[in-house]
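The following pair of complexes shares a single chain, chain A, combined with chain B in the former and chain C in the latter.
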Partner chain A sequence: MANEKVDVVIVGAGASGSAFAATLAKAGKKVVLLDSGPDWKNEDLISSEMWGRRIRPAGPPFLHEGKNPFGYVGQAGWGVGGAALHYFANFPRYLPTDFKMKSEHNKGLDWPISYEDVAPYYDKVADEVGVSGDAKSEEIWRPAGKPYPMPPMKVFKAGQIWKKAADSVGMRLVPAAVGMNSVEYKGREACIYDGWCSSGCPTGALANPLVTYLAEARAAKAEVRPMSTVTRVLTNAEGTRAIGVEYFDGKRERQVQEASIVILAAWTGQNPRILLNSATDKHPNGLANKSGLVGKYIMTHHIANAWAMMDEDVQPHMGTVGAQYMSYDRYPKTTNPNAFGSSYIVAGTSFKMHDYAGSRGDLFGPELAAHMKKAAKGLIRMNMFGEEKPNAENRVELVTQKDEFGMPLAKIVHSYDEDAVALWNANIDAGAKVAKATGAKETWSPRGGMPTSHLHGGTIMGKDGGSSVVDSYGQTHDISNLWIAGPGVFPTEGASNPTYTIFAVARRGADQLVSKWGSVAG
Partner chain B sequence: MGCLRHYPLGRGGRGDSGLSEARCDARGNMRVIRGLLIAIAALGVIVGGYAWRSSFAPIDRPQASSFPVENVKAGAVLAAIGNCATCHTRDGGAAYAGGRPIVTPFGTIHATNITPDPSTGIGGWSEPAFIRAVREGVSRDGRHLYPAFPYDHMAKMAESDIKNVYAFLMTRRAQVSASPANELAFPFNIRSLVAGWKLFFLDRGGFTQDASKTAEWNRGAYLVEGLAHCGSCHTPRNVLGAEDKSRAYAGADVQGWTAPALGATSVAAVPWTGERLAEYLGKGRSPQHGVAAGPMADVIGNLAQVPDSDIKAMATYVASLAGAATKERQERGARAIARAGGEGAVTRPAAAAAPGASVYAGACAGCHGEAGRQPLDPALNLALSTTVRAASPNNLVRVVLGGIGRTDNQPGPHMPGFANALTDKQIGDLLEYVRANFTDRPVFAGLDVAIRKARQ
Partner chain C sequence: MDVLPRRAVMKGGLLAALAFTIGDRVVYLSPGEAHAQGVALRTLKAEEAETLGSLCEALVPDARKAGIVEYIDQQISGPPSEALLQARILNVRPPFANFYRAAVGAVDKGVAARHAGKRFAQLSSDEARSFIKDMQANKIEGWQGPGTGFVYTVLRTDAVDVVYNTVAGYEALGVPYQAHILPPKKW
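Then we have the complex of A and B:
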């Protein structure tokens, strides 16, 4: 069965793919999104850990190596909506320093663009998907911008406790910016604060792609083709242009979708895997890989948790899984004398049963039961996301084993460097100090294995084809009609939860693609 | 005494909800009542010092060891069936030490200390004084007790049972705790008026066995009509605040909660059976009817100490109140069960069509399930809930706001309250959706008012 050639085929219907799809479809382009998982609808989402698990398998299988192997937590997705179907919708942004790590600190890399290039898209995205927060209060840390379209979210007891404790130790907390509706917005309802965001928000109050960019794309006639697993980008005989993608449909039959533009917007680990698997005699090291950097500079955030057990009933199940308060007080990359990298702080999140258990991974049996009983009333948490420097040794590469479609599996090799380890430890100490200031009799900050979370890099952007895979819009340096979207294009990862920046960078790239369509699409 | 009634004050009741909360048919008829009361009092005086009762001389507090252990044990079970501790314990206070405010339309009555402290409790009460109090509503010193104490039911108790309760109470730890003075308006503060009330409404006949019924039924009737005083909440009151026997167990409002009808007028989707009722009274839940909440949750808590045989007996008697289920009621039950099983279920409607549907999906469906999707260990299926089918939305609103079973270390059903999370509009939308989606009952009347009131 031949598929009709379209203007754009987008691989992956998650955050970045849907932002590209909405922009292009509204510009009149014929868009097909291929996603390897089911066509989730808002009606499939349900506030339950059991049901929520269905939408949370962590994407394609990878092998893991390194001192700190990447662990799936929830920052990958499976199916239409991608990881953004069950994300926490914390919407901090990257700060100016993130774009200039190399020039400011002579470490890591610079972005080919600055904060000022992305900032207008932060404002656009806020209006488009709906962000609640107090932009003014953030301007103690960043350049001024537009106010958010909605006021901050409701604050619950946990948030009040952290605010008071942070005040007492001189840490500035402001209302968290979140991709959620504090009031009705664009026909979507206000949040009901039942704290199940990570199982998928069924009410439409949380800005997942289904109710934002994907809905816009569909309204503009974009087609979403679920259960379609892309294995290769196909190129012409000369190797100069992408002509489409090869994929396997729900019946495991091989299909080809031709398109004038191919956009890889799959998971951060999967885009390099597809590029490396698309090697031809013209591109023996994989597509868009003349630099040899496809798969290189994989980065993840580490997380330092500070827990406290309050005596009072704080109704920890209520609120949102994102945060009530946030702080960039530890964002400057040299905040800690013996460490390097940014840290982003959030405080006051809702918990469910598995969180009560997970908050003390060292307990079992009656001790765990006693802990969970207390936790169901008094558990609160502050956490600090921390940055690691880009390091080419942290990488995705193909291995000899193959998956069910005959596509080679890939491994992710990841180790934190000394700076990251030092930053993580400093963050644990800083968090513990605030936790003690809550007055809780019981506080703890686990130092087990160093966690991994949001994944970035692997197809980084840069000034030229020698030092990077794509330009700042996502266009590959090697093949002009092959584009890449998502956090894989970030050359540094900052410490902020990435989705706001994923949306902003993708919307910027998509606008660029529309404006220079004639010269790119050919 | 007017609309004085027994107000079981559950955890959900909280007892401070004010006069407007304690609904009473007599509220608007205060003048008529006052007139009637004065007439009754006058009658009492005419009848010849009827109101005057003698005093029992105080005794030295009996030694705890003077009561046989088996009597004390039996008394403990009886006190649980009678829910004595619920009213005679203030929030956070020692059991039976009294002080709980019982709010009525006529003022506030403070439950008395029934621990054996000689000065503030019943330590100086002899056994005959205690028996008279339980059966006739007269204090040791001869004062009439307000019928907030349900002696209109207790009068049916066998003397041996009253003696066992006495043995139980007199062996509790004595608590020095004086209850505050009652705050009643004239003329309700005149205790002798109660004598007139008793003339009309206190049946001193004791319990009579019905030889045509089983021993189990008779045991149940003895407990339900007597000590357990179920009618205090579940039977509507007349203008004088006495139970309207012509409408026994037809349901009534108590502290903003609705005690549902237990008889043939029950709105339950599936007819109750003795087995189901026994399960409900024993565990506080019946998958085909509901979960105990509000004042009834306290009753269930007390019944946990009661032998299964007595629970089964009470269940048998209560189930008999409705008689055999009619064909119409059986069909109603079958329809509800089919609906609960997903028959006629439609996919979740769009938020625009039913704004409550998405609130349900977000806040409720994870435990209560929805069309075509049931959790592994589901909470009550709302198609079967008596509360969702009730005429008044009061109970439903209160459960949504306050949740169920937040007591520490108590097993059993648990539901979080959503008072801090949902706006009044979201709750209104939600309950309209729930009513329409899960029942064939008409839309709730007065939903907005019920939400506002419950918020206070």
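Then we have the complex of A and C:
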């Protein structure tokens, strides 16, 4: 049965897709969101690390290559809510320097917009989804903005220890900005600090799309179609307009959804994969790819961990998986003389069993059992997220193997450059110094493989169609009614966790689409 | 707002009660109960199960009693999209049975090459420890299969799951479980 044509079809009902959907549906547009995974409800968000894995993909459509492969599933979402259904909800902003890497340092790329263009949307998003924190205290590092709508979250012993240690070595920590409720907000409950966030928070205390933008979109009559895997964007015979998408439904039957506007919001790896698989004779290298840049400039944060084992009982299970404290003290991109790039610091999170076990991955047998006992009382951690520069060699490309729908798999090729490796090592040293200052007898900072987190790029924004795939709103340069949302449009990745900026950029793009609807929708 | 009141759904129920088959009946058991009741394995062969059990026991004490073998067997016998395995998070491509078969096969071959045809389960505890240390360091000669360090990580995580990641495991460590929603009995 043919599906009725709609105003907008959005591919992916995660963070960015939901933000676009809410804006467009509230503006009266008929919106359909297609998502390849289940229609998760709050009742599905079971408090268990094991059961929490069901809400992640099984068998990702990506192969991995390069010196530093990206840990795809650990960072990906599957189903309504996307990865933001089970994220940690750390909500730092990008800073002005992130938008101007090329002009300030003659390295990497510039965004076609500046911090000031995004800042009003940071304030809007904070009010819309609910952010807790102390905006004033962040203003030692960034331009002033509105206060957050909720006060900072509670601080537990781990946070207090890191704060004291950081103070003693001259590192400034301030209350972390998080997408969680320190108090009841918009009818959603306050957090009770049990730390189950990354298995999914069923109470609404965590700003996941189910209780924020997707709820708003649904209330404004947007339709969500789960178990609908999009394989191609379809174009007209001339190749000038997107006419809809091809997808496979829960019964694995081929369907077409026509729409005036197509928005890809299936995350950084999948958006290029779909574009490349949508090649036609008019677009032999894939859609929106006249620049040849679809899939290029994939970037991922590296993480440096500093651990300490306290003698006292710090109740490491108390709190949230988001941070209690944050710092931009190492954010200036030239903080380290021989390691270019920003770093963002978080300290004091709650732990579950795999944190205890994973903190010393080398231990097994009786030594592991002894470690688990100690860790359950005394473990604390500080993380530093580090930036890598955009590099066109880091990329997503199609391979010959196919998935169950006959769509080619893709591979993510990723290696860190010398700057990134040096920055990671410098961050480990800096974290180790603070860990020592906690007074713990046992501190350690693993230097095995470089852990990766968050994925950006692949469909970057820029000033023109020669050097980028989309403009600053997400509109593709090549096909005016084909838009892209999510961290894939970021031309640099900063070091801040991306979702606050994903929401802000998507809300800005969606407002623009509404305001120029007549000329874009045709 | 469609959200659940705090702890409203904390009704009890068994953590990780999974569907096992006894005769022609489907019963819901924890992996430890399945082990105690000697539930028949569906996918793993006896030798594979023995290797898996002894390796995981060496990695995490009490893993065998906690039902590691029955857990893995149950998990690799069902649809990957319903699996609770860490292999899922670590980008292992389904079917997951292929990974576990290849992993235990490679362990036994590696042990046989070093210890004159023995299997892992026949090693002394010192021999087992030194083999595991070399697995961690990717130093097993002639190893064929998924990376040694990777196999170590996946199996260690599975064993941590059955020993520690249950309500009983939390209690044993003195950590309050504090669930919003405990896993359902039937799934």
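Just so it is clear, the second predicted complex is superposed on the first by the 518 of 522 C-alpha atoms of A that agree within 3 Å, B and C clash if a C-alpha of one lies under 4 Å from a C-alpha of the other, contacts with A are read in each partner's own complex, and residues count from 1 in each chain.
One rule holds for everything that comes next: contacts are C-beta pairs under 8 Å (C-beta built on N, C-alpha and C of every residue); 3 or more make two chains touch, one makes a residue touch a chain.
As the structure is a computational prediction, the values presented were derived from the model and not from experiment.
Let's test your reading of the overlay: on chain A, do chain B and chain C clash or fit side by side?
Once chain A is superposed (C-alpha atoms), there is a clash between chain B and chain C.
Examine A:Gly170 and indicate which partner it touches, taking first as chain B and second as chain C; both and neither are also allowed.
neither
After lining up the shared chain so the two structures overlap, which partner does A:His64 touch, if you call chain B first and chain C second: first, second, both or neither?
second
Where does A:Pro366 make contact in the superposed view: on chain B (first), on chain C (second), on both, or on neither?
In the superposition, A:Pro366 touches chain C alone.
Should A:His354 be classified as contacting the first partner (chain B), the second (chain C), both, or neither?
Touch partner of A:His354: chain C, not chain B.
Does the superposition put A:Lys186 against chain B (first), chain C (second), both, or neither?
After superposing on A, A:Lys186 lies in contact with chain C but is clear of chain B.
Just to be sure I read the superposition right, which of the two partners does A:Pro202 touch: chain B = first, chain C = second, or both, or neither?
The answer is both, since A:Pro202 touches chain B and chain C.
Tell me which of chain B and chain C touches more residues of chain A.
After superposition, C is the partner touching more of chain A.
Examine A:Phe156 and indicate which partner it touches, taking first as chain B and second as chain C; both and neither are also allowed.
Touch status of A:Phe156: first partner only.
Mind sorting out which residues of chain A both chain B and chain C touch, each in its own complex?
43, 45-48, 50-51, 187-189, 192, 194, 196, 201-204, 317, 373
If we count contacts the way the header does, which residues on chain A are in touch with chain B in the complex?
Per the touch definition, chain A meets chain B at residues 43, 45-48, 50-51, 156, 187-190, 192-194, 196, 199, 201-205, 315, 317-318, 373.
Across the complex, what residues on chain C touch chain A?
Chain C reaches chain A through residues 1-7, 9, 15-16, 58-61, 80-86, 88-91, 93-94, 129, 132, 136, 152-153, 156-157, 160-161, 164-165, 169-170, 173-184.
Please give the residue numbers of chain A that touch chain C in the complex, ascending.
41-43, 45-51, 53-54, 56-60, 62, 64, 71-74, 186-189, 192, 194-196, 201-204, 210-211, 215, 317, 352-354, 356-357, 361-362, 364-366, 368-369, 372-373, 376-377
Which residues of chain B touch chain A once you look at their complex with the stated criterion?
Touching chain A from chain B are residues 347-348, 351-352, 355, 358-359, 361-363, 365-367, 370, 373, 375-376, 408-409, 416, 418, 420-423, 426.
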